[in-house]
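Should a chain be cited, it is by its letter among A, B, C, D and E, assigned in written order, with residues numbered from 1 in that chain.
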Amino acid sequence: MMKDEATILPAYKPPKARSLLEPHRLFLMAVFVGVFACAVVFMRWDWLPKYQDRLIAGIWQTLVLLATTSFFGFLLAVPLGLVQVTGPRPLKWLANGFCTIIRGTPLLLQLWLLYYGLGSLFAQFPEIRQSFMWPYLRQAWPYGFTALMLSFAAYEGEVMRGAFAGVPRGELEAARAFGMRRFTMFRRIWLPRAIQRSLPTLNGETVLQLKSTPLVATITVMDTYSVIAKVRSDTLLTYEPLLLLALIYLVLTGILVVAFRYLENRVPNRGA
Amino acid sequence: SAEPIKVGVAAEPYPPFTSPDASGKWVGWEVEFMNAVCAEAKLECVITPVAWDGIIPALTTKKIDAIMSSMSITDERLKTIDFSDKYYNTPTGIIGPKSEKFTATPEGLKGKILGVQVSTIHAEYAQKHFKDVVSEIKEYQTQDEANNDLAAGRVDAVQADAITLDSFLASDQGKECCESKGNVVDDPAVLGAGVGIGLRKDETELKGKFNAAIKAIRANGTYDKFSKAYFDFDVYGK
Amino acid sequence: MSDTAQAIEVRDLHKRFGPLEVLKGVSLTAKQGDVIAIIGGSGSGKSTLLRCINMLELPSAGSVTVHGETIEMKTDGHGGLIPSNRRQVQRIRTRLGMVFQSFNLWQHMTVLQNVIEVPVHVLKQPRDEAIAVAETLLKRVGLYEKRDAYPAFMSGGQQQRAAIARALAIQPLVMLFDEPTSALDPELVGEVLSVIGDLAREKRTMILVTHEMKFARQVASHVVFLHGGVIEEQGPPQAIFEDPKSERLKKFISSIH
Amino acid sequence: MDLSLLALSPPGWGGVLLAGLFSSLQLAVGGYLLGLIIGIGGASGKLYGGPIVRDLLEIYTTLVRAIPELVLILLLYYAGTDLVNQLTALLGLPSVDISGLAAGIFVIGVVQGAYSTEVLRGAIKAIPAGQIEAARAYGMSPFMTLRRITLPAMLPYAVPGLSNLWLIATKDTALLAVVGFSELTLVTRQAAGTTKHYLTFFLAAGVLYLAVTLVSNIAIGAIERRARRGMVREA
Amino acid sequence: MSDTAQAIEVRDLHKRFGPLEVLKGVSLTAKQGDVIAIIGGSGSGKSTLLRCINMLELPSAGSVTVHGETIEMKTDGHGGLIPSNRRQVQRIRTRLGMVFQSFNLWQHMTVLQNVIEVPVHVLKQPRDEAIAVAETLLKRVGLYEKRDAYPAFMSGGQQQRAAIARALAIQPLVMLFDEPTSALDPELVGEVLSVIGDLAREKRTMILVTHEMKFARQVASHVVFLHGGVIEEQGPPQAIFEDPKSERLKKFISSIH
């Protein structure tokens, strides 16, 4: 049904701000509620109470992993981005190589490489086995943490590289012209400006990071996903636990997006 | 029918029963068993590797038609799928590092980290009998990784099918680090009635064929013949 | 040797970009209270000269003396100069208030934060004092109401006035302006020039690169005409604009009317 | 490290790894192309479709981008094949045999489609409106405008996003290991498990993935240069 | 009913954007060889009128006739009009050579490709012929040397001349210009105006929205002053510019000098 030429022609018109209450949306919502009700009524959810506590612990584990790996990953990303913009050649190459390797191989593989590869290598050295580190090294989460953190650092490092390079030169020049020392300039102008520029992408990267966390289940870290995997194998249900899992991640992503939007709105930024 | 039967095996290596070799071919006792049973039942069977974790959904969604992957017959599984008669049954053992002395009992495992493969009868058994005494039960996607972590010192004990454990202990890695700590006390309610061919509930005809074939190869000596290459005892069990 | 009444003294400054020699020996003295306008065609080296004064561009040869203190330089081994004392350069820079063509306000700070940034974080003044000074300055340039706005949300004229307030906040010996109005829409030029005119009337020392000849004539005490990297002619505005001597200056002045 | 383990013919596992790599690439190419097709449809739907189409597409892209790929792959893998089988049963056809490859391409494609939709939508929006207006003003039909102007003009804006997606596709194939599809990661795991040489095989697989990325980067660079031929290089 | 000597006839055209009525009944006739200049203040609806002629904007009421053929319209049920025959609109558009304010050259094609695009792909002319014609046109607008350059690498004036060549390549009945020089730097305006002036001297039919009054006076055979969506006054250039009748036109003309 092509009646209005203006709508079939490929010239973009931004959609009007529409309310939630338009008829087709109400209809869609009704469908959604219907599907949801069907899922509640016709699918098996009797296992929920039994696994409730574990599920909460798993979600907590996921959140802790997300928060710590993103935080430390970001700390690492700042120097990674910075040296790629201004560093001396060797450091530049090193940072670039690191980012390329991490971004060029699957996280799952990195995780296994660390845990089953490096981890079992450690065990062959009695010195390590006897050291105070061993109680930590024999656990799984340090490997999961490291892999996730490095991955975040590599992806965010690329983002920071662009953000650092994108800070207008004039603003840095102004800082120099007023006699700022190099470190003051970095701390007061360059870094905050780069972070401000990278905030929208940081949001996306954090959502991606959240979505990467389930991989740690493959190295026995009990996160949300591995609790659900356990439910699946205990109950032999295919869909219900996975649907619940999808819902959990949906909610977590929603929370992240809202939190970042709040953060972004604190410093107005026009087009930069 | 002309359609071949797709036999699902766990994609993760489970020697000596099923594991891929360097040419990508599947080898092991269970592969020989499949060949024998299918030949006997005049069925054309092809091996289809599936993740262990998803092997039952794969059966119910018809990606495969039968499971021959050391899957024990349990009440819980019988709610969802059907099984043929058992085709082997072995005790459940526990192994640990040579440097530590303990037994396969709740007292022996006190404070230890116990490794099991996820969604197996062993995982369930450990949950039921050892949960309160051990410091942690770690669930692995594959048996192999559990064994590896035992060698790497990241778990203190591994519980599994005694035969698999034996084959691990016979390997270079196993010989060096670990030894058997004995078998656990039987609990038929959990450990089940041996390993059977997993089938969809409505496939009674296929089930009948398989049952007859198992009986036949047991009777005509084929079963013993190919088993001898792998085990020095009767894997069929009591 | 040099008199402290001389705010800035540039001596025989040369600047080379690779094969291109942009400044070919420029000497210039600004006494306290002087307003020096630098004029000249595009590419004649005006910006380069200004930027050499506060070492944003490193001269290839020559010296710069600010308030009697000569910036120490040493050769870098490739035929250029580098400052031998980075601290000294940084200190001297805090005495020179630079205003750029494209404002270069820090976009992640409000106007007030921009103005107090250097006093607080470089000159280590107490924050309260800096804010008090900044508010006075913002009132002067007519931006008191806008003090909590972010630069991106202001007009070019407002941004340039804020940049002037930022430069004034360090209580500079000399203000350096590099074409402060050439990035502005014509209707916004006036507001910025009127602020600069006020500063000139207060006898603030200024060096001003500009294309606004009418304005230069009004406010400058001394006009310097740069051409091809050398000072072709200089003198009081009347002399320069009404009675140019050199052919090139004549041509330049006729071309802009 | 025992490099003879990586020999191309048995008892070396190199052949198996390469076969796995080949499966991975097949999966990636198939999934990527399917995703691109979904993306072109999705982007057009989001830009020019009716309100219901737009909302449905919005739900699709939001869901896919919020739920971990691992979970999506499991859900789609089981539900997708389940659905096909129920459909064929409903139509009275024999149950079709969905190969792991087909199912894998389907799930990767659906996931990629959501991202492609967004990339292409952004690229089409980035075309200066005047370019399309000029096409209309000279009497081009909508379809010709799409073919001659919109698609080529959006390319420079879409190439960076699309190349990122390609690299993601090659790596996402690793996730199909969880459904037992014999791609590179799974065969690596099998080889490592069987031989107990974990480090050797994981490193070897890492090198293979990296090689794919690096080769892709070279190709992408060439494509990008060509796509951007009419654009001023940014400073 | 309509005479084919009339290249374009617009009758009682209305255009509404939501609540805003931009055109309130405009009628206009362009005979063959006419050069009609449309002048008026910003927002008076000049662009809208031009865009309604080739249906880039759909009029709310009224009719447009090109070379005796009236564009068939039907009501769309929301009080507006839509063309009832899309093919007809497309065909008529190929007879109208539109030149935009911002050139709108296709950036992914070279200049030559831009010029032959419509002849080859819409009008289905043989490629060789189209190239021959295009090269002649490019020579005319002084861009033969640039034929293989991409638009982004050319100056605004060159781009606009290329856009004119693109419009001429379809051998249009009428050329439509919407402020062809207002996006250009002042020094580039001349080169474009001289090309348009040449076209006017050849008696090419043109409708020209422009702010260049001096130019309009030179080339136009007829000037239309649009104000608030209606034609406030029209007539030969002398009458309009030297002897404006309406107050508004007087004010407009005095404001632009």
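One rule holds in what follows: a contact is a pair of C-beta atoms (placed from the backbone, for glycine too) under 8 Å apart; a residue touches a chain by one contact, two chains touch by 3 or more.
Because the structure is a prediction, the values reported are computed rather than measured.
Here the chain-to-chain distance from chain A to chain C, counted in touching steps, is 1. Counting hops only between chains that touch, chain B reaches chain C in a minimum of 2. At the far end from chain E, in terms of centres built from Cα atoms, lies B.
The rotation relating chain C to chain E, fitted on Cα atoms, comes to 175°, given as a multiple of 5. Set side by side, B-D and A-B show the greater C-beta contact count at B-D. Greatest centre-to-centre distance from chain C is found for B, with centres as Cα means.
With centres taken as mean Cα positions, chain B sits 37 Å from chain A. Centroids built from CA atoms put chain D at 20 Å from chain A. Centre-to-centre separation between chain B and chain E, using Cα means, comes to 81 Å. Contacts with at least two other chains are made by residues 74, 78, 133, 136, 177-178, 189, 198 of chain D. Listed for chain A are residues 116, 120, 218, 238, each touching two or more other chains. Chain E meets chain D in the complex at residues 54, 56, 86, 89-94, 96, 98, 100, 102-110, 117-118, 121-122, 150-153, 170. Interface residues of chain D facing chain A in the complex, by the touch rule stated above, are 44, 47-48, 51-52, 54-56, 59, 63, 65-72, 74-75, 78-79, 124-125, 129, 132-133, 136, 142, 145-146, 150, 167, 171-172, 174-175, 177-178, 185, 188-189, 192, 198-199, 202-203, 205-206, 209-210, 212-214. Against chain C, in their complex, chain A makes its touches with residues 168, 170-171, 173-181, 184, 188-189, 192-193, 196, 267-272.
Residue ranges on chain A touching chain D, taken from their complex, read 7-12, 15, 18, 22, 24-25, 28, 100-101, 103-110, 112-113, 116-118, 120-121, 207, 210-215, 218, 225, 238-239, 242-243, 245-246, 249-250, 253-254. The touching residues of chain B, counted against chain A in their complex, run 53, 56-57, 60-61, 76-77, 79-81, 118-119, 123-124, 138-141, 145, 148-149, 151-154.
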